[in-house]
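Paired with chain B in one complex and with chain C in the other, chain A is shared by the two complexes that follow.
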Partner chain A sequence: MGEWRIAAAVCARDLRIELRTREALLAMGFYALLVMVIFSFAFSSDASLTLRAGGGLLWVAFLFASLVALDRAFLREAGESSLVGLQIAPASRAAILAGKFAASYAIILGLEAILMPLFAVLFNTPRHADWGGIIFTALLGTWALAANGTYFSAMCAHTRQRALLLPLLLLPVSIPAILAMVQATQVYLTGEGMANYWLQLLIGYDVIFTVLAWALADMVLDIE
Partner chain B sequence: MPLLECQSVSRFFGETAVLRQVNWRCEAGQCLALWGANGAGKSTLLRILAGALRPSLGTATVNGAAVGTAAARRQTGFLSHQSLLHPHLTVAENLRFYAVLHQLSDPDAAVTSALAQVRGEYLAARRVGELSQGMRQKAALARALLHQPRLLLLDEPFASLDLQTVGDMRASLQELRRAGLAILLSSHNRQQVEGLLDGEATLERGRLSVSLPEVARA
Partner chain C sequence: MASTSSLRSPSTWVFAATLGLLIVSLWWNLVGAPTEATMGTIQRIFYYHVPSAAAAWTALLLNAGASLWYLVRRSPVADALALAGAEVGLAFLTIVLITGPIWARPVWGVWWVWDARLTLTLAMWVMYASYLILRQLTPPGSLQPRLAAALAVFFAADIPIDYMSIRWWRTQHPSPVLFGGPDSGLAPRMLTALLISMAAFLAVMGCLVWLRYRQEMARGRLAALRQRQLLLEES
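Moving on, here comes the complex of A and B:
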């Protein structure tokens, strides 16, 4: 019970800070919007190409936006060394990491909720697209990115090349999840093929990497 | 059993030895000062005792619990050069958050009590980023006292403070000492801590070179 209370407090605090500063939300929104608008210019004349590449386009925008949010997860603690405050508190490291994960997950999902309708308009998605399936895929895919990303963000918190190191660590590990997100989204956009296999892969990936991050939390948030 | 005990504590950064074989002891209700030039190792020693840094060699205990363990952290309050408070949150929001991290049963009561202890009730609704250095230091002291620690570690608590705030901080420390808290502080200014101390030691190139009075001697 105590661990859930700590995780909830960390999550609520991070969301409150983000709502006050809007640092991650503005940067994420700008990146994602830029990607979508530029691709919409390139694909506007070819509706069939949009249909074939839609899943990839959507997840390129979400992925860039997620990197910004995940980088902020621990950068938020840099001022006044509040990370040291977290480290010297007698609180479970796993609970602190879980709170950070929940805040990042909520922030990324919030942005995705705004971007999805925009994607539908800019790319003229087909009427038969299964948006329930796309939203479910986004929930699972964003979980994968947020779980791994929060862990690596904590790992990079004390490094000078944090902004470079985070994508270098996160993206290779996330390749199976990214593949599954893109393919499942593609199936739901076009209505062709079966998404079950990709969703099972995503669920398995989420379970494994969430448990790993939970179990190894002490290693990344430990003192020097 | 002493409240704080360091036995042969050494700390290396790469090949540089910042602390060498430090032995120190502090009893409940004592206020001890740690002197030393910049880079002598004062902050490193206090960070080790607070559980923010690991000793390379040796052991340190707080009331029998090894520093860095949850049991030692629950009994230790740490005031560092930085407030450890988030600038975009109010003082009360920051303190309430730390109260939850310390798993205190009534976080709101703990916040009110800690702010009253440092005479800082008026700071509760102010955002940390908008506070002066002195106000921030008071808020940070309230954070360090929130969980009613038995050992208080203060790293240059009077640095950059005006005379009025130094007076307020000294009064708070006197009260805490009378209440039985062990206080270990580092400072450069002997005048500011005059009348507060039960003992002192000097760190020089990582060695605790000056003996303490008998009561505090290891």
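Moving on, here comes the complex of A and C:
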């Protein structure tokens, strides 16, 4: 089988498991919703809050939810020596990692598609908000989270305390991406400022870290 | 096998020289350098703050280089150097992060600002702390150095992008008025104090890395010997 077909098979398998169990989507969805509700208490939400910090609110909710999904990406492999099965498959580690990445990317995007309208309602986003721009930013930003997250999730799969370690590794490395997606989303929400720089930064970040994760896939996805 | 703790060993003389340099720099920092006109005595923390930062960056650069070397060659020497660099670098970063706010409070009026350089230093501290945590949580064996090297390369790629993005973010808002920095005319005696202090801190950093590296290599040899002994007992 070609590399791409292996990647597609891994991705299809993960998505099928997700669609049958709906584990990640349910857990993530409620988690993100809770984060949004807690925010509205914590910051006594009114329309001015959305104008000041809407991008940050949206992305913190997405970020925490993504951590749940990314942790599950390799948690799924822990049982029944499934990871060993993946590793003896006649494919490069990069192809397997790419498949896992594609599945996580799709799952997180699916979640965001559900949460964005909820966000718009709960936080009264302004009428002139540019949703096309916000969705484009989400596509790029989620790519960064899913690519780095899959890589680190594979790394953490070998360790004790996996769930603790994943945010510790992922969040500091993601600082530029988080900054860029929050700022770009904020620009599209309020219509003030320029988003171009931030989108360029996000695209550059996506390219660099996707290539790096692809090149180093052998390092993180292997058994003794 | 290298002889340990013998007076003839060259490392003993290097350690002694480093100690001497530290004492000389202490005199220069507290007495030799003139008191700064506007900030007063508190400015002397400068001679600890800046050299610690230089030592931290050098040690972390060593970590990045050694990690890359490990990825290419898989050599245990590279892994031990990477570990030593990260540990010592983190220790010096901690000094930077402690002396910084102590200096900032009386001079800027605040403990902390989210300026590009400060934010990056804090982010780096978190990164290398998590690097050491990863090493601790990974079972020993060939897996641990491999994961650590893969992580360190990610960090090394991330730090320049981090710095750039945070600067963009901050230049969008007016940045707080920081004082002009040592470049704006450092008195000659201050420069002497700074350079001596810099040399002393770099030497301390080098000694610590060397000790930690030796320790790590010895640990590896010990583990290999134990394993061999177990195998011999079984057979």
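Keep in mind that, in the parts below, the second predicted complex is superposed on the first by the 218 of 224 C-alpha atoms of A that agree within 3 Å, B and C clash if a C-alpha of one lies under 4 Å from a C-alpha of the other, contacts with A are read in each partner's own complex, and residues count from 1 in each chain.
Everything below uses one rule, namely that a contact is a pair of C-beta atoms (placed from the backbone, for glycine too) under 8 Å apart; a residue touches a chain by one contact, two chains touch by 3 or more.
The shown structure was predicted, so the numbers you read here are calculated from the model rather than taken from an experiment.
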Quick check on the superposed pair: does A:Q87 touch chain B, chain C, both, or neither? Answer first, second, both or neither. first
Once the structures are superposed on A, label A:R13 by its partner contacts, choosing first (chain B), second (chain C), both or neither. first
When the two structures are overlaid on chain A, which partner does A:A103 contact: first (chain B), second (chain C), both, or neither? neither
Quick check on the superposed pair: does A:T21 touch chain B, chain C, both, or neither? Answer first, second, both or neither. first
Please work out whether A:L140 is in contact with chain B alone, chain C alone, both, or neither, and reply first, second, both or neither. neither
Considering only touches as defined above, state whether A:L70 meets chain B (first), chain C (second), both or neither. neither
Just checking: does A:T159 make contact with chain B only, chain C only, both, or neither of them? Give me first, second, both or neither. second
Is there a shared patch on chain A that both chain B and chain C touch, and which residues make it up? 224
So, in the complex, the side of chain A touching chain C is made of residues 148, 151, 155, 158-161, 165, 168-169, 171-173, 175-176, 179-180, 183, 193, 197, 201, 204-205, 208-209, 212, 216, 219-220, 222, 224
Inside the complex, what are the residues of chain B that reach chain A? 50-54, 68, 70-71, 73-74, 76, 78, 80, 82-89, 93, 97-98, 100-103, 128, 143
Within the complex, which stretch of chain C touches chain A? 71, 123, 126-127, 130, 133-134, 137-139, 141-143, 146-147, 149-151, 153-155, 157-158, 161-162, 164-166, 168-169, 172
What does chain A use to touch chain B in their complex? 2, 5-6, 9, 13, 16-17, 20-21, 76-77, 79-82, 84-91, 223-224
